[in-house]
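Common to both upcoming complexes is chain A, partnered first by chain B, then by chain C.
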Partner chain A sequence: MMQEDRYELRFGGAGGQGIILAAVIFAEAVGIHEGFHVCQSQSYGPEARGGRSRAEIVISSEPIDYPRVIGMDLFLAMNQAALDAYFADCKPRGILLADATFVSQVPTSRALLLPFTTIARQQLGDALAANMAALGAVGVVCGRVRLASLEKAIARRVPAKFKELNIRALHAGAAAARQLDLAALPPFIDSEEEKEV
Partner chain B sequence: MMQEDRYELRFGGAGGQGIILAAVIFAEAVGIHEGFHVCQSQSYGPEARGGRSRAEIVISSEPIDYPRVIGMDLFLAMNQAALDAYFADCKPRGILLADATFVSQVPTSRALLLPFTTIARQQLGDALAANMAALGAVGVVCGRVRLASLEKAIARRVPAKFKELNIRALHAGAAAARQLDLAALPPFIDSEEEKEV
Partner chain C sequence: MSEKTGQRLLLQGNEAIVEGALAAGCRFFAGYPITPASEIAELMSLRLPALNGTFIQMEDEIASMGAIIGASLAGVKSLTATSGPGFSLMQENLGFACAAEVPCVVVNVMRAGPSTGLSTSPAQGDVMQARWGTHGDHPIIVLAVSSVSDCFDLTIQAFNLSEKYRVPVIVLSDEIVAHTRETVILPEQAAVTVIDRMRPAVPPEWYIPYEDNSRGVPAMADMGSGYRHHVTGLIHDVRGFPTERPEEVDAFIRRLFRKITNGFPEIQLTKTVMLEDAEIAVIAYGAVTRSALRAVRQARGRGIRAGLLQLITLYPFPRKAVEAVLRQCRRVLVPEMNMGQVIREVKRVNVATEIVRHNRVDGQFITPAEIYAHLLAM
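Coming up: the complex of A and B.
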């Protein structure tokens, strides 16, 4: 396995924000429709009973030996508590993508803030679609999956009645992410490394 | 970690049989409501595009080092193709639980066959609830989760409209499993080990 080929994501949020569903959909889109090897996992322990939710996805063009996140390339944080709890494993070059509706303090300059819940509420009339708006943004930022693949995976996982709503949310989130200038991010999270650049 | 404390399950079936949803619900019931450490995962690779679906759950009273199945204690097979493809990692003392609606050939004498899809169709009027019937049986056979915990996890994961149907399916599967005589199973799968007993 080429180390640089492995791409690791974590999604974190409150219970009820649809983190695990978003992770399963993302994994199926990348694994079934984009031809990557993908491991998707969630762990539960004493800390899970605090109401936080965390899901991980590891992507590689080669079979995956270790299915958990070692260092995140992309961390999606849907609220401040999940950001604070799960940020530690972010790579220096990792990107934080956060729901600005619920996140105000970011521990890195490599942060992209988009108000997913506000977008879902205002553009789709349903704050619960914020997870799909976030998924659209994750797709744009990670660059490893087509929106059409995410749409197919949503159609498999979401009841027919909610399919159109969720796909519209996906596109709204992707559109918001396309307005961001990824090239304007500083190259490293770590301040010491930044000084060396 | 005490080795004997680790308990590993795999669920396998066709795409659309609701294997991953069942695994997520099972993991949340055991991890959130029973106080175990739980890792739940699914992998996608070239073989996933054949339409088979596989999900794994590892349970322990201690933190889990390796989140994937090493040797299954319980394998739920919802169709023959998944049984044939994923049986290899079963422990000698492992139990195969299979949907008799779609499975006819079992590679072990430690097999329990229940017609989950027929139960779901006949008792609930919806063959798609077979995954929840199977989940009820898994709960009874594994002995590590209360039906009430599975009910709570179902209520979190299933749209309100389908909650009652799914919980009724859970109970139908559990009732069917309680008719089985686990003590009547031979002690080992492996025929050589059986001879030694």
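Coming up: the complex of A and C.
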């Protein structure tokens, strides 16, 4: 058996929700400021704007061989369509984190629902910051990155005039995620040995 | 983004190619944007002016290739980058660069074809085109990248080989490597080995532009530096003027090949993983190397003695390295995102080992699971 601490995330949503930007910021925070090896990729289709958008991050303390998601440890779904389309690759032990503003049906009991878009709209006055709110929650749930690292990555990847808004959104999302009780998630059912590759 | 060396960065493959080219001394880029290569042109347009370099967006890829040949003849290391449709347009001028022995680097970020194909999906369909896309019997160097750090290192290597051997070098990338961001640590500039073309050591009146020497690589004068230098795509004599005399034609073509053959030991780059005691092996190149690496590790975890040979140089085909693997292993798998291009080269080396194919042409990445399934059955 391979000894590796590979951790895989996928972010899904609508084109224009900032899915890929969120993934790039996450990858930079984890890869540059936390010192992990990281591979970040995105679905890259001519239909991306308005349609579905998907981005992936693979994290490991060892050099990464296969750069894409094999089975997600954490899946962030920012709308129902992306959840339906991309959930299938979730590991049995994987956690679904979804924007409750747009997601009503979840296919797993290991789901955490937070209204990222509502939080962004009400607390920050801009629904477009929902991706950063979600990123804050992803940081809390995955436990592999400090908020300070995400802040640094935001500062580098976001235009200066939007920096403060995005960082406030990050903290709002993280605060909401801290209210969740991860220990209360039901245990995963792992009837078969998990697929190795 | 980025821009200092010697620090840990999160870069796309395309961005790392730019960093590699600049580190190698490239100061001219001419190109025409095309998915999935556009980021190379985009970043070059930002970086080159600050380095007193030149970026030109040309009207098409034919002109782009012509422009980098011209810049290189004037003494400036030059790059263009494209994808399949543009690479097709570059073939005629690429042949000119081969015939006139003009150093230059062409990046082809492969997407699925033929024709405009699947513009945003990866493939490895251009291997044979990189080798034989331009007409006539000619040697050429083709390198294949499999990671973001490869993109940096092998772009430098491409420029160095191009300069040293006066030959165009093709860097084959693909949509996966091009658009995946990975953490890389770029070395300080001082730690980068940079090779420049040999320039004439004689005064202008003694200069014979295509005079043979022990390496088979003539000294190259910069256009405009006072040295007479006639350049043509016609077969030429040592002074650079057209000839049809059989003994001059023969000597010219044989020298083109000899200079590359002499360099095989340093040109033919490969990497081995867990091959020492391997009974079965995967021979892979480009992004598929990553899937193969995982599958091989997985097979080892099950007690299967599998190994991996990564072909970094595709041409001149690394026959020696492949032959060693074929002699050692009872079966060899060649996974490719095409219907089978490198497998034919592997078979040409054959020493009676069974060679298994695995082909994928749906515009999707070959997964570790696909390769692993083969390894279990081998």
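FYI, the second predicted complex is superposed on the first by the 178 of 197 C-alpha atoms of A that agree within 3 Å, B and C clash if a C-alpha of one lies under 4 Å from a C-alpha of the other, contacts with A are read in each partner's own complex, and residues count from 1 in each chain.
Everything that follows uses one rule, which is that contacts are C-beta pairs under 8 Å (C-beta built on N, C-alpha and C of every residue); 3 or more make two chains touch, one makes a residue touch a chain.
Model, not experiment: these values are computed from the prediction.
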item: First (chain B), second (chain C), both or neither touched by A:Ile70; value: second
item: Which superposed partner A:Glu28 touches (first chain B, second chain C, both, neither); value: both
item: Touching partner for A:Pro159 - first (chain B), second (chain C), both, neither; value: first
item: Contacts of A:Ile20 with chain B and chain C, given as first, second, both or neither; value: first
item: Which of chain B and chain C A:Asp5 touches, first, second, both or neither; value: neither
item: Those residues of chain A which chain B touches in one complex and chain C touches in the other; value: 24, 27-28, 31-32, 36-42, 44-46, 64, 67-68
item: Sites on chain B touched by chain A in the complex; value: 15, 20, 24, 27-28, 30-32, 35-46, 48-49, 63-64, 67-68, 156, 159
item: Residue numbers on chain C that touch chain A, as the complex places them; value: 8-10, 35-36, 119-120, 175-176, 179-183, 287, 290-291, 293-295, 297-298, 301, 365, 367-369, 372
item: Interfacial residue positions of chain A with respect to chain C in the complex; value: 1-2, 24, 27-28, 31-32, 36-42, 44-46, 64-68, 70, 195-197
